[in-house]
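Shown next, in structure tokens, is the structure this report addresses.
Letters A, B, C, D and E name the chains as they come in the text, with residue numbers starting at 1 for each one.
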Amino acid sequence: MAVLRRELALVHRQGVDSAMVIAFFVIAVVLFPFGVGPEPNVLARIGPGVIWVAALLAAMLSMERLFQSDYDDGSLELLVLAPSALEMTVAAKILVHWLTTGLPLIVAAPLLAVMMNMPTDVFPVLLATLALGTPTLSLIGAVGAALVLGARRGGVLLSLLVLPLFIPVLIFAVGAVDAAAADLPTKAQLLILGGLLTGAMALSPWAAAAALRQAVE
Amino acid sequence: MFHYFANPTRFLRLARAIEPWALWLMLATLAAGLWYALFSSPADYQQGHTVRIMYIHVPSAWMALFCYVAMAIMSAVSLIWKHPLADVAAKATAPIGAAFTFLALVTGSLWGKPMWGTWWVWDARLTSVLVLFFLYLGYMALQNAFDDPSRGARAAAILALVGAVNVPIIKFSVDWWNTLHQPASVVRMDGPTIHASMLTPLLLMAVAFKLYYVWLVLVRMRRELMAARLRALRHRQAGT
Amino acid sequence: MPLFEGTDLDCVRGERLVFEGVRFALDAGGALVLTGANGSGKSTLLRLMAGLLRPARGLIRWDGSDIADGPGSFAAAVQYVGHADAIKPALGVAENVAFWASLRGAPATNVAGALDAFGIAHLARLPARYLSAGQRRRTNLARLLASPARLWLLDEPTTALDADSAARLARVIARHRAGGGMVVVSTHTELGLDGAASLDLSALQMAAS
Amino acid sequence: MAVLRRELALVHRQGVDSAMVIAFFVIAVVLFPFGVGPEPNVLARIGPGVIWVAALLAAMLSMERLFQSDYDDGSLELLVLAPSALEMTVAAKILVHWLTTGLPLIVAAPLLAVMMNMPTDVFPVLLATLALGTPTLSLIGAVGAALVLGARRGGVLLSLLVLPLFIPVLIFAVGAVDAAAADLPTKAQLLILGGLLTGAMALSPWAAAAALRQAVE
Amino acid sequence: MPLFEGTDLDCVRGERLVFEGVRFALDAGGALVLTGANGSGKSTLLRLMAGLLRPARGLIRWDGSDIADGPGSFAAAVQYVGHADAIKPALGVAENVAFWASLRGAPATNVAGALDAFGIAHLARLPARYLSAGQRRRTNLARLLASPARLWLLDEPTTALDADSAARLARVIARHRAGGGMVVVSTHTELGLDGAASLDLSALQMAAS
């Protein structure tokens, strides 16, 4: 777990990262009232969608650098060559990414939900979807980030690869929140989100490791 | 240095031999299929003539899935055995698959308007097909995003394999979730459940689409191989 | 059969043939010096040896088995020092070295000695972003001593080193070989390795064309 | 104008960049129906806002790399040292950025407007706001991109710096489109957008050049 | 008064004093070789001379006027070759060199000769992404010849060069000086510059502390 410790040390040393992700999230959500106009019922209607789209964009933006600096400075080659399994290394990096970006989003979400005029009784469901969904975003995003290493305009390309895969998460998460707002059962959607998370956990470290191996060739 | 970029001469010869056959057979089955579909098969007792959209929609939806599976298999072959032709084949398949997916989406949505009263719903089947379309686009973008073509091919191959999880989701979405879209009636364990008068044109059209794919993929592969040979030549002239 | 050997290696990069028919063999305590003009393929060969690249043809064997055959004993036996530094500017010098050591399962107690061997013990707690080119390179070389490995692959290791550090490196390599270690090193200058085999990639290219 | 030629050559050589920006723009806009639900009147209501927010995010994403690769490979030092004025160099880079990202957005916008169910008679106003607004985004973004050089997690930081400055553009642009949809005059908003553009043109190359000078120290 | 001189230079980087009281003077045709252990401040001094850094104390004068005094004749007179390569992988070798030449207002006709002087004329149309470390460095050095400048500031220019190219570089520098050019170069190896002044930054540090 040397990787875990180093990543946490790096995050700690470099300080303000999580704060920045929260800030991006907040700004992106706040842009909407500007763009759409501050009518409370429209806002409440589009609230869950906006919060989730912002979460998705925030995850994607912070994703891009996940392996990039290791790739640029030659660390990646050494990680690939190390006797410890690359899959574990990748999993550790993804975990740290989620701890520093996903978790803060969950903390900030209730505040934004209030700003978007959402009824307080859907908050638990909103948080549950974020808790199940954001790790999936980190996992899927890691595969994309590994694939675009060394590509031109990696950032835009990453969004192209990853956003379509994020769509199911978005749909079921917003579906759950909307269902909760309409007093319908949300179990089905939450189960699917859980399924997506499990699937992503099973696949993504392997896929990302394979992508990293070919990236250093 | 010729053994690596050596023209896969045998493949080229084979491809040139197959191409005309595929082309003519395709035109013949297409003509027959269209005739059955448009004139000889009955209008549905519920749907009327809109049912005829089916003869385009269903084969292209099948092709969308088929192309992706083919692409994923060839990607696996190229990653595991490093067979150079597998890369070329996967690369040639992607745009064809994307086009068929697009066709399935458009015809489906044209069909949806009379049947469901809307162009589009966010049900599991439709959403997963849309994701498939984006996967094709992402695959092509990734492949072209690298300075070194072989690097692009490898990255794209991994993406194709990852995206393959979407295929069973598309196939079984109609069974797992209750969707507006109807479940399988041709390709199912207990045999087809639609009437022969509709099945015949459907199968004819499906065969025609497959042949079209075979023809186009061979043409595209040959073109790609020529381009690769040209690049190798240019590198050699460039020195070192 | 030699411990580390390559037979009939061809390498293709970016659709271009870099070299063909390269062979080498190395036994315990051995050293191999790669020379050759710029672009002759020294770095490429080192990456092949590390397993970062795959040869288009030919085999590289460690202890009798192909290094491409999945994770075997080879990963634990090899250390690679390339052109890039693999140093995180935000971490201290000692922290950087300690991370790579612990990733390879070595105890953190080795680190101080490794830094000392390259004369950077006094920089141990300095954040790596303040290092000069040569200090960075020494930090990178200190990795070699912080976690033991039988085979060292060094790509132009004396780049940016001053004369004093280059001599230190030569001593470190000599000690490593005396303990049964092996080293493959590419260079344009004289390194002063006793009894090293040498492989001139330029000469090889001439012969082939 | 060596810089202009080189930048265009780079874009040309690296091929599909503008296509990717368009793709991002389209995907980001398409995400909203996923998130918000496809009710035509809600979509039409939030359409201009969504299109503009997506344009903004697309501009920002592609912005990040504007000076980054020059910074990483040492080109920036040489550009700063060159006898030709750094301000002109910066202006040329901004121009190319707009040609390759802003212009394609304008081309793609009508398509998205149709998807969002917007009435066709507001299209001219929408295009006018994009034509006036996107160069402003490129100009402001360039200052931000120059400021964050060498910072960690540049992407997120950039968005923090730049998004607040983008907000006025967003407000007046969406205001103009909404006004057009309600058959009100739009001249005032368009004039303000023009004013913002002029101001940005006057200030931003200087500010960006100053930021670049201190980045290479 | 010498054409290029620095007086009493102190330099602080990252809140740390790198050196103090450095002075140098260079006249037409002159050469100054910077030596010193790793971290003694050679690269730092070169960046000061280029105007990329500002000294904490002291003045650097070109032709009598402070180089910090805005854009004067100095920018046109100096060319800097640092550790980084400033090469775009997507462009060809000749295109890369031509860009820097045209940015300095030199005609594109110089480029072919510049490439030839460093033995990379045959690579002219190759995309730079395919270059080896030494080929990249030679491309970078070709900039010097593609657009004329009186003063060359070279930071370890022989890094990654093979023996043949290093000799070419020595000849190029000799010709430049014969035409009245000046050169400041940092190095750890012997460059073979006739009649060059030398400045040992390590020795200076000793004396100061």
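Going forward, contacts are C-beta pairs under 8 Å (C-beta built on N, C-alpha and C of every residue); 3 or more make two chains touch, one makes a residue touch a chain.
For clarity, every value in this text was computed on a predicted model and none was experimentally measured.
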Item checked: Dominant interface by contact count, named by its two chains -> A-D
Note to self: Using mean CA coordinates as chain centres, what's the gap between chain B and chain C in Å?
What the structure shows: 47
Item checked: Separation of chain A from chain D, taking each centre as the mean of its C-alpha atoms, in whole Å -> 24
Notebook entry, point to check: Quick one: chain C and chain E, Cα centre-to-centre, how many Å?
Noted result: 30
Note to self: Report the inter-centroid distance (CA atoms only) between chain C and chain D in whole Å.
What the structure shows: 46
Note to self: If a residue has to touch 2 or more other chains to count, which residues of chain A qualify?
What the structure shows: 14, 72, 152-153, 157, 160, 163-164, 167, 171, 217
Next item on the list: Could you tell me which residues belong to chain B and also touch two or more other chains?
Entry: 122, 127, 134, 137, 141, 145, 147-148, 240
Check: Which residue numbers or ranges of chain C touch two or more of the other chains?
Finding: 13-14, 16, 39, 54, 83, 90
Checklist line | Complete list of chain pairs which touch one another | finding: A-B, A-C, A-D, B-C, B-D, B-E, C-E, D-E
Checklist line | Residues of chain B defined as touching chain A within the complex | finding: 79, 122, 127-128, 130-131, 134-135, 137-138, 141-142, 145-147, 151-152, 154-155, 158-159, 161-163, 165
Notebook entry, point to check: chain B touches which residues of chain D in the complex?
Noted result: 15-16, 19-20, 23, 27, 33-34, 37-38
Checklist line | Complex contact set, residues of chain B against chain E | finding: 147-148, 238-240
Checklist line | Touching residues (chain side chain C, partner chain E) in the complex | finding: 13-14, 16, 36-41, 43, 83, 129-135, 137-138, 156, 159-166, 188-189
Checklist line | Of all residues in chain C, those that touch chain B in their complex | finding: 10, 12-17, 20, 39, 54, 56-57
